[in-house]
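Some structures to go through are shown next.
One chain, chain A, links the two complexes that follow: it is found with chain B in the first and with chain C in the second.
== the complex of A and B ==
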């Protein structure tokens, strides 16, 4: 009886304590350790003692490292392009799915899921074959459809520094647009029909209904989907790593790839930790900004 | 303002599901007509067909003598107030009301004048800048009504607009919509499942059941002269009491008797009851027409025991049963103070001139239906007399 009382009084912290310990071990500790490392010159390339260097790594990153700024630019380019296209396409697909009842709608929705279910490395391998400039499927299709002549020759896709990021974005769009579409389809399904009917009675055209009623009403859902993609795009690693390793040159080296190179190619753990902390702040900052903007717009 | 005519309107959904059959109604200019009936009776479908939100399977819908079957909602010059308000959540109250006018490219100063006017009528001036989510249910419904008013339509359509409000607010809004009708002098068509709303608001009531119009008439006409057992039971609260009985002649009088009662029919009903297709009838007595006999003797008496007494102050509702197992709920509305208790047996005297009779098989009224209605030759529906 007494034991039961003690349990009732303390269950509120006892029950979640397992999860709390788990989170502490797997999230808080690595984060703290990374922040600590970022203030050291820990490197495996020399056998020297690890020294505390204060903010030197950060100062180097911000004021002496052009490669860092280049990777930041490419991260923003990749993320911006992928997100904008994915959101527009995703919303269009969702609206088409919502508006029309056609046979095979469920099957089509399941097929959309398949791209997301594939493992990124497998996706990357398949797209490597597709993008291959001489024997790839895409250039074959371009050639046979006459597009190649129109574009003035063979496309180099990921082997050319100017087209590598748009090519990688294309894969991201292929893989992740369905996610936006599915989230927006779910959002559309929760909307009441009455405002639409009311707008019809009010005299609105389908075009006006879409832009003045539907879009503002699903804006919060689109916002959530976009935020998810934003965070994911900023962090994209696997596809780029498998397909280009950041190349040609540094032309597809995003911040994540650069950090990876710094730690596991150059074994410069102190500097790489500082890069990771900067990266974390960047992702956190952009996410908070988007969330704040969403609230500000009262969406 | 406008006259709306439904001529043989039918709605048949896929799989030959008939939602509305052969609806004939004439809604005069500036009339307030209420469609009432239980869930699934076709009243909302009828309203949506008038609005243009539902295709008409067959029949003609005329607004101001113009056939509008194939006109889209926006070209019918109607405005509709929905059950769930249907406000645009991302727009302010002002923009919600102005939306329909902006779509029609009405100049801004005219929009402002109309929105302010409507806001004044509905006492929502102070909420114009708010978003709908910052309003209570009653305020939202006012905005929905306001959105209809600013359009200045020929016909107002209301689809159960008060269903989501609490009881007190419902009564208040009921009065306000009735006032609005007097003020705007507009043709209004109102759909509800609540017969009290129908009785209190409508100039004319259309009672529907299973997609068929049962009866059309003024509230009191339906109350006093229901055309069948369904209308009799649906209109009126507390509802009419029904007793199964059998007609027979005795000593020159026409009696109706059944379990626990024996009534002598009123002389004015004799001719009609004489034409009854079968002696098996349902006797319908409104609760206010069944009074406690006390020591009074009468030739028409109902014996029952009291199961529940609801004291309402000015009156009491006495629930009773003729059977020992209390399986029925007959109700008497007793206005005088009484000294009865639950479980006691009592004798009740009906006001025989107000008793209604229905055929036990078809449920049709056996007394001549008075007023601008007639029995339809097709089905059991009644339609309006020209």
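== the complex of A and C ==
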């Protein structure tokens, strides 16, 4: 028998074997290990004695951990606010871009792309400078334009517990609205022109055209873009951690930040593992739910 | 939007159009500025002296200085961090392609739906879920602060992404092409290497570039797994602000230094980057 035949018959497992081994060793095994750890009270600060505690970590998380529930609320607040603004703004920008051909379109698209691809830590640094309460340009602009009073006096941005999440959301909007816009632009480019032509003949207004023709046709694409954002928004880490580390106090501590602190600040591995399992279930649950809802609506 | 029906007529209509044009281009310019300004601000302040940075109103025209860049490169091991980042991003991208391309091809060829879902679900899982157990494992093997541990952890992002980009790409290759190769005596592997990979270069480039950039930008895995020997540039910059007095000029210079390579790659390969980022989202 020729070697080539053997290859052909076994290609179905030979080809993906490298990736599968990697996934088993660095994803599945660690996941199992985390689930196992979540039933223990392992903590580096308590020495190496590890006890099996059953569901105690989970019970503590759900019934006694205010910090957990606070972080869940903030995660939802952050994600909801960011998603709504990003989707609306992204679709608007895409429609504007699609409406006309103008010189400099390529440059404008490049600039949006740059915001999205720039290293998040570097982006966080420049926003720290922009938000700086005394020397920052943002407060200067508000002061010099007289809009300061409109926003209620001193703008502390990320240093005040009431404005920290909207301020962080602003950065997320800056960073990720381009993704929605680019996806929708690509989607708009694939639409057929016929419905538009007949609508023009019938004398439809631009608003009617947008809401009756464009939006229904582009809805599935917007759905996918929003889903991609949703998955990433729930996991936002870089910007929040670099700029506030969850502060002031706990006022910007999302679930991802809280889990990180429990893992690598307190080294409370058992409890952190249980938090990870809960976080994972939440993200996967929401993502899959939205995926199925979308599929259901499309049918 | 307001057409002033009372004045409706050919001439006012022209005014209306001019007004709409101004509104249209004004909005576009505003949008572009919103996305450009923070990056411009980064560059501008990297070229200012410490005094100029905190000066209000901020000066837009000034004598630029490279002192901040000199400081960054002389007082810190910045070249070492750049080298570390290059090794880790390059290593994880290369490994991601070596493991991901055959897997993606197999999924497309054999319609391995379950394997595809398996790999793609890992795109949804929060990275920190893997980070804690990996940290414990690498700690047990004394592998924390080695290139290997960082490359492997960055692969958790890169590999699923490469598969995600490549599966639709391989699916779009006409089956006749494979069959023709078969007739000529190629087995699956030689077909893959000699025919499929060369004609899939745009896809490979897309997946490779983005996997490289994601690794270069990665912060969470690096801050946990990297220490003195393997510190990457994002971690190095983050450590700058732990000092009591923030040196804004140095910070901005460092931020510019690590962002510029990414932005240059992005602009040069814009077509591929956009294709990769929007992959799977747009039908047709």
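Things worth noting here:
Rule of thumb we're sticking to: the second predicted complex is superposed on the first by the 289 of 299 C-alpha atoms of A that agree within 3 Å, B and C clash if a C-alpha of one lies under 4 Å from a C-alpha of the other, contacts with A are read in each partner's own complex, and residues count from 1 in each chain.
The rule we apply is simple: a residue touches a chain if its C-beta (ideal position, glycine included) is under 8 Å from a C-beta of that chain, and two chains touch if they have at least 3 such contacts.
These figures come from a predicted structure and were not determined experimentally.
When the two structures are aligned on the shared chain, A:118 is found in touch with chain C, with no touch to chain B.
Residue contacts after overlaying the shared chain place A:202 against chain B, while chain C stays out of touching range. By the touch criterion stated above, A:11 is placed in contact with chain C alone, chain B being left untouched.
In the superposed model, A:144 lies in contact with chain C only, and not with chain B.
Judged by the number of chain A residues each one touches, C leads among chain B and chain C. Residue ranges on chain A touching chain B, taken from their complex, read 192, 194-195, 197-204, 208, 212-213, 216-217, 219, 298-299. If you check the complex, the residues on chain A that touch chain C are 4-5, 7-8, 11-12, 14-16, 18-20, 22-23, 26-27, 29-31, 33-34, 37, 93, 96-97, 99-100, 102, 106, 108-123, 125-130, 134-135, 137, 140, 144, 174, 178-179, 182-183, 186-187, 190, 207, 220-221, 224-225, 228, 231, 234-235, 237-238, 241-242, 256, 259-260, 263-264, 269, 272-273, 276, 279-280, 283-284, 287. Against chain A, in their complex, chain B makes its touches with residues 51-53, 72-74, 78-80, 82-91, 99-100, 103-104, 131, 147, 151. Residues of chain C touching chain A in their complex: 1, 24-25, 27-28, 31-32, 34-36, 38-39, 41-42, 45, 53-54, 56-58, 98-100, 102-103, 105-107, 109-110, 112, 115, 118-119, 121-137, 152-153, 155-156, 159, 163, 185, 187-190, 192, 213, 216-217, 219-220, 224, 233-235, 237-238, 241, 248, 251-252, 254-256, 258-259, 262-263, 266-267, 270, 273-274, 277-278, 280-284.
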